[in-house]
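What follows is a pair of complexes built around chain A, which joins chain B in one and chain C in the other.
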Partner chain A sequence: MEFTVSKSELVRELSLSQGVVEKKTTIPILSNVLLEAAEDRVTLTATDLELGIRCSCPARVKKEGSGTVPARKLLEFVRLLPEGDVNMKFLENHWASITCGRSRTRIAGMSRESFPELPATPESIAEIPVKTLASMITRTSFAISMEESRFTLNGALLVMRPEGLTMVATDGHRLAFVQATPEASGTVDQQFRALVPKKAMNELVKLADDAGPDEKALFSGDENHLFFQVGHRLLMTRKLTGNFPDYERVLPKDHALSAKLLKDEIKSAIERVAQFADERSHAIRVQFLSGEVRIFSSSVEMGESEESVLSEYTGPDLEIGFNAQYLLDFLRAIPQDHISFELKDQKSAGELRPAGEGITDQYRYVVMPMRI
Partner chain B sequence: MKTYFHLDMDAFFVSVEELFDPSLKGKPVVVGGRPNERGVVSAASYAARKFGVHSAMPLRTAYKMCPKAIFVDGHPERYREYSEKVFETLRGFSPLVEMASIDEAYLDMTGTERLHGPPLRAAHLLHQRIKEVTHLNCSIGIATSRLVAKISSDQAKPNGVLWVIPGSETAYLAPLDVRKVPGVGKVTEKNLHAVGIRKVGDLARLEESFLGERFGKWGLALAGKSRGLDAGGWFDTEIGAEEGPKSISHEHTFNEDTAGVPQLESTLSRLCEMVGRRLREHGLHARTIQLKLRYSDFSTITRAHSVARATQIDTEIFEEIRNLFRANWRAGWPVRLLGVHVSGWAEGGEQMDLLGEDRHQKWSRTLAAADRLRDRFGEKAVSLAASMRGNFKERTHENPAGLPGKRPKADR
Partner chain C sequence: MGRIRILPDQVANKIAAGEVVERPASVVKELLENSLDAGATEIRVDVEAGGRRLIRIVDDGCGMLRDDALLAFERHATSKLRDVKDLLSIATLGFRGEALPSIASVSRLLLETRSAEETTGTRIEIAGGKMLRCEEAALGGGTVITVRDLFYNVPARRKFLRTEQTELAHVASLVTHYSLAHPDKTFLLTSAASELLHVTPVATLKERVYQVFGSQVLEDLVEIGEREKQLFIPAPSVPPSEAIAEYRREEAGEQEPVHAFRISGFFSRPQVQKANRNSIFIFVNGRLIRDRLLLHALSSAYHNLMPASAYPFVLLFLESDAEEVDVNVHPSKTEVRFRHGSFVHDFVRDTIRERLMESRPAPSFSPSARAASAEQPAARLPYSEFSQMLENEAPTAVSVMEQPEAALPEFSLRPAAGPVPRLDFSAPPLEVTPGPPPSGKLSRRLDAHGEFPAEAVPAPEVSLSALSDLRPLGQIHESFIIAAGRDGLWIIDQHVAHERILFEQVMKQRAAGRVETQRLLLPLILQLTPEQQIDYARIADELHASGFETEPFGNRTIAVKAAPAAVSAAELDKILYEILEVAEGELRNASLDDLRRGICASIACRAAIKINTRLDAAKMEWLLRALSATDCPMSCPHGRPIALHYSTREVLKAFHRI
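On to the complex of A and B.
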């Protein structure tokens, strides 16, 4: 195999594979990227067996063929080359020779025989605007559980319905729910429901960042996998198995009390006060009083802090404990200037939502309090 | 200057048994179980001690030494009841009381002279009062440090009172064997003998720096102890300023090794209940849950897991323990001992769950009710159904659940 490719294009596509290749793998070939040259393109494939990515860029193919080389080393090296054309040629012993300007390099590769095949992509069942997808992911992925043993919570639930796309994530303490409008959801041919692993969501956001504003993701799924085709790039992931909790039961039906707040005010206040919260539990006390919300923290070792922000709140005085980090995750994820904090009592879930005008989709963030 | 009492009940478990069965009086009695059982001696009467029987010795060894001894099962609920009586009596003498175990307590008597008179008189009154209330004998040591008070109560046995006059501590301790110093066990004794230290006086004569170099921090504490000062471990804290446990654990050795899953899991369930009870008693929530498993050949494994939400709920602990057990037990291998160990206390707020919070709250309330039942009717009053097969009898223990003065803290 031999081809010539623009350095910058190769770097761009290679970068996308880095999030997929395993850093510490017991199977050496999974650290490699598969390069395939055919017609006038070179295709790059990387996988960790859970997640796979395939992208390509134009190339002048002198001889068709394929081979694998360590993905990280290849990127690190190619990045340092001067702008211009890079020539790559696989040798008999699976090594690859790279020539660029006055640089002559041979990089140790492995036979492509042992590189796993990605499953075939089934026919697409939906076309989703990638920006919609990315914005849903960034507003839910932080709520995914980090605990590996709770494997059904290690991803988000994606539901496709005519009413629009829904994405839900929870770690058992808080839950983030986004429902896009039908217009922003693209075209959906059939109802679909799947658990998307967190790692795949991160990679999808990267693909979206690199895509045009109106670009669509062609979505499809088979029994075990999900496929997202964005332009000439394909991301495929194994589905998480298991039952996602019944989130509709968790979403509060109504709230007796509501406090309207300016997002930046409450966010900065919590950030400062949280400096003196217990480092492990991040517990803060939030007092809802007539016309204001007060936040308190105290830690035996470090000290204590208190701050007050103005709020439209007319309910009875109420004090509730919360994990400051959970509140900040929400406040950092939204672009809007106003929020509403809805409550019932000390022992029931509170709900945060963006407030104000121009909000089209539904974003609900439910947080369980702490006992303090 | 401080005045401390150390009150130690004389042969506590045996004496309580004698109250219920006066025919035992004066005879060699061993409390802890049947002579052919596994397990150890919890207590021995003075008559049995003459044959060399002492607590912590295997029951079978005790039987070999003193075949005529009367072996009785312990009655933990009786001992708790009497311990409670002792505690209440002590509380009447000083507000600063710390039960060090079920049958001994430290009292800070500093500043009570106007109420109770000089130390010896106060001790005499206390001694009488304990006898009136419990019909049991005790011994009391009085000193300016808890360490010397403890040593002197031991010297005062049986049924005596000993006051080490302030200023004479070093002279009093000097002729005693180093082993008499609390905290000096077999190993330390051997190490000290190796460098020619046999008496506490030998220790006191040494440079502190020598002990520090040779035995580290522990050596420095030892130097202080040899001069009658409170130092090292528990002795660094004040009475009443309770530090609380760093971990809580319960273990069970089977009478016969078993590979029966129902019995093993049921035993684990029972151990989890015991651990949960202690957690609630101390008002603690544990984050790390550990299983201990010893096979017939004494090979032992421990496996731990940290839970997202710190817990004091028996069923939640059991769920983790059972997972650890199922994942780590080599199926079919007979097990000699099982243990459940929890640690890593959660501080500063407990995060509630979105899912299953109702269940959690229900268990909290249920277990609080179960604890009240146990307080009134004994530890076996209620149990989880899962523990029924594992309902082994509670070993008589110096630091059982329900130790007086360690009542459950108010629910947060």
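On to the complex of A and C.
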């Protein structure tokens, strides 16, 4: 195999594979990237057996063929090369030679045969604007539980319904729900429901960052995998199995009370007060009073803090405990300036939503209170 | 005039009566105690065939006058007690006047004794209780008692003796323990001409421990030091034996005196874990005893520092006014009754616990790497008569405490805060090469080990307080933090370290009723087995108070609506099943307090950082600081060690630099 590519394009594609290559070197071949030269492109594939990514860039292929080299080392090295063309050639015994300008290098690779075979991509069933997908992910992924168990999943639920594309994530304490408008949801051939692992969601956001504003993700799935094709890049992931909690039951139907707040005000106030909350539970007390919201925290060892922000609130006085981190996750994830904090009583879920003009999609964030 | 009197019946009847001689070790015990009562400074014990063929005790005590020597074999003949009043404050080991006649009735006994007041000595020979010979003899000062063919005339008893090896082990353990109680005396124990124990007088208990057990054991021990506590308001508690009750009635109305209790001795670091109580030795006013109350006090001192099934090594000396302890409880004098049992219990528990906190002993690596001096053969023999009898009956809180536990004062885990040491920049740099051994402090005499070697003096005790100025260097296997300290290298198990931090936090919150709970989006439904259902019903209130809001939800099903804030929802089912399992097993008969600790320990374990978790430098630093601020940074609530220390000295040694 021998081909020539532009250094900057090679670096860009290689960077995308870094999040996927296996970090622990338990199976050495998984820290390698597979390079395949055919026709006028070179294709790069990386996988950790949970997730796989396949990218490609144009190349002048002198001799078709394939081989593998350590992904990290290759990127680190190529990045340092001067701008321009890079020539790559596989030699005997899996050595790869790289020539660029006056630089000549050989990297030890491994046999292509030991690289795992990735599943074939099925026919796509939906075309989703990548920007929609990414914005849904960034507003839900923080609510995904760290561990997987019988009751929580290390991933989010993606549902396509006539009302629009929906993504839901929860860790049992809070739940984030986003539903895009039908227009922003793209086109679908059939309704579906899929559980997307958190790691795949992170990689999808990276793909979206690097894609054009109107680019679409072609979505498909087979029995065990999900596939997202964005331009000439393909992300595939194993499906999560398990039952996603019945989120419809969790979303409050109505709230008696509502407080309107300025996001930046409440966010900074919570950030400061939370410095004195318990290091692990992050517990703060939130008091809803006529015209204001007060936040308190105290820790025996460190001290205590209190802050008040103005709010349009007309309900009865109410004090509820919350995990400050949970509230901040939401406040940091939205671009809007206003929020509404909706509640019922001390024991019922509180709900946060962005408020104000120009909000088209539905974003609901449900947080269970704490008893402090 | 002789010293020995026959006790009047009215006194003799007040004395706990029963079998005195059960086995060779009980003979040795009685004779040894007599020698100690006689003020001996050198005691030699020879046995053959585990004491079945021969027991000989040679002492340099006061000896006996001719008349006394004859009288000594009468029942209730003693020089140590006069009337009923003396029973209240027994200061000698013997008091019944029972031992010699009992021994003489089941063996062939030869007594050779001479008192300093007489120029010739006395030789008396008795077999099966019958006097065979009594003659004047030219003897040195002191007493020699030779007991041959024990139980030769009581075949039934002989049948119950164990193997020679077992009986010898009992004897050895007994002599060893008495040698620990008297560091200022010489003890020699031989069996068929081989020396099992030979210790010469030393100034401190520490040196005696070294003589007996060697340096390795000593390094695993923490010295209690001398602790004293006054009892001001004597609550009417355990009724003392009848004799005392009677006496007190007579003396009613008298002003209650103030009593002082003192304890001293050694206890092991929590990582020394023995499978049974054989390494717990308790002396009350110089008497080796077994006592459930004190055993319980010890195990509660180690609570959550050691697994429930493990026992420490403890050498405990409790001293008090003689009136505070009734020794006239059991014919073998191996049990006592405290007039203020719960005071003594709490004093012992709190003192040991405080010392554990203060010293924060750090386990170190590879004890084999150190120059280990060997223990005495006797210390290696496996049995101890005193602990063995209790082996299968673990004292429970309920059975031991006469008072309801509510009456036990809640003790604080925090050591009394001393003045903060002033930092000094001009202090000389740390010395890495060991200085000369601290001289003068230890008075040395030649003993079985020769000189007390410099290495045997443990380096200035490494305390886990040093954790606060450790510099984390990184992790191994994303599980153990490696840190550099002022003196060497430390390895800290990140999970158990965090577990300890959280455990104390959770306990404090629980005690203050400030449990933080997090409600769940959807109740968690758990299926229970019938056994779990029973345990659930038993502990439901405590679960609730610990932050688990649960409700019965149909048949053998519970719904969990809220949980302690530190526990993630993903762990909830596991932790609840775990708590139920523990409640069903080891905490089946536990007190409420133990149950609470068990639940807190489960919460801490589930909420703690797992192993195989990468930590950044800031997190590691936080963890070490928080750990050093805990009350017990040496072991996790389940008793596993948290930190290992590899001292600069050990490093230098390993590199052959010293």
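Convention: the second predicted complex is superposed on the first by the 366 of 372 C-alpha atoms of A that agree within 3 Å, B and C clash if a C-alpha of one lies under 4 Å from a C-alpha of the other, contacts with A are read in each partner's own complex, and residues count from 1 in each chain.
The rule is simple: contacts are C-beta pairs under 8 Å (C-beta built on N, C-alpha and C of every residue); 3 or more make two chains touch, one makes a residue touch a chain.
The structure presented is a predicted model; accordingly, all values stated were derived computationally and were not measured.
Asks: Record, for the superposition on chain A, whether partners chain B and chain C clash or fit.
Replies: clash
Asks: Who does A:299 touch here: chain B (first), chain C (second), both, or neither?
Replies: Only chain B; A:299 stays clear of chain C.
Asks: Return first, second, both or neither, reflecting whether A:371 touches chain B, chain C, both chains, or no partner chain.
Replies: Once the two structures are laid over each other on A, A:371 reaches both partners.
Asks: One more residue to check, A:2. First (chain B), second (chain C), both or neither?
Replies: After superposing on A, A:2 lies clear of both chain B and chain C.
Asks: For A:152 in the superposed arrangement: first (chain B), second (chain C), both or neither?
Replies: A:152 contacts chain C only, not chain B.
Asks: Check the residue A:323 against both partner chains and state whether it touches chain B (first), chain C (second), both, or neither.
Replies: both
Asks: Choose the clashing stretch of chain C with respect to chain B from the list 117-125, 423-431, 567-575 or 639-647.
Replies: So the stretch of chain C that bumps into chain B is 567-575.
Asks: Please identify the positions on chain A that touch both chain B and chain C, taking each partner from its own complex.
Replies: Looking at chain A, the two contact sets intersect at 147, 149-150, 170-175, 245, 250, 278, 280-281, 283, 321, 323, 347, 349, 366, 368-372.
Asks: Which stretch or stretches of chain B touch chain A in the complex?
Replies: 305, 308, 346-355, 357, 412
Asks: Looking at the complex, which residues from chain A come into contact with chain B?
Replies: Residue list for chain A touching chain B: 147, 149-150, 170-175, 245, 250, 277-278, 280-281, 283, 299, 321, 323, 347, 349, 366, 368-372.
Asks: Using the touch definition from the top, list the residues of chain C that touch chain A in their complex.
Replies: 502, 505, 508, 514-522, 524, 562, 565-566, 568-574, 607
Asks: Over in the complex, which chain A residues touch chain C? Could you list them?
Replies: 145-152, 170-175, 245-246, 249-250, 278, 280-281, 283, 300, 321, 323, 347, 349, 366, 368-372
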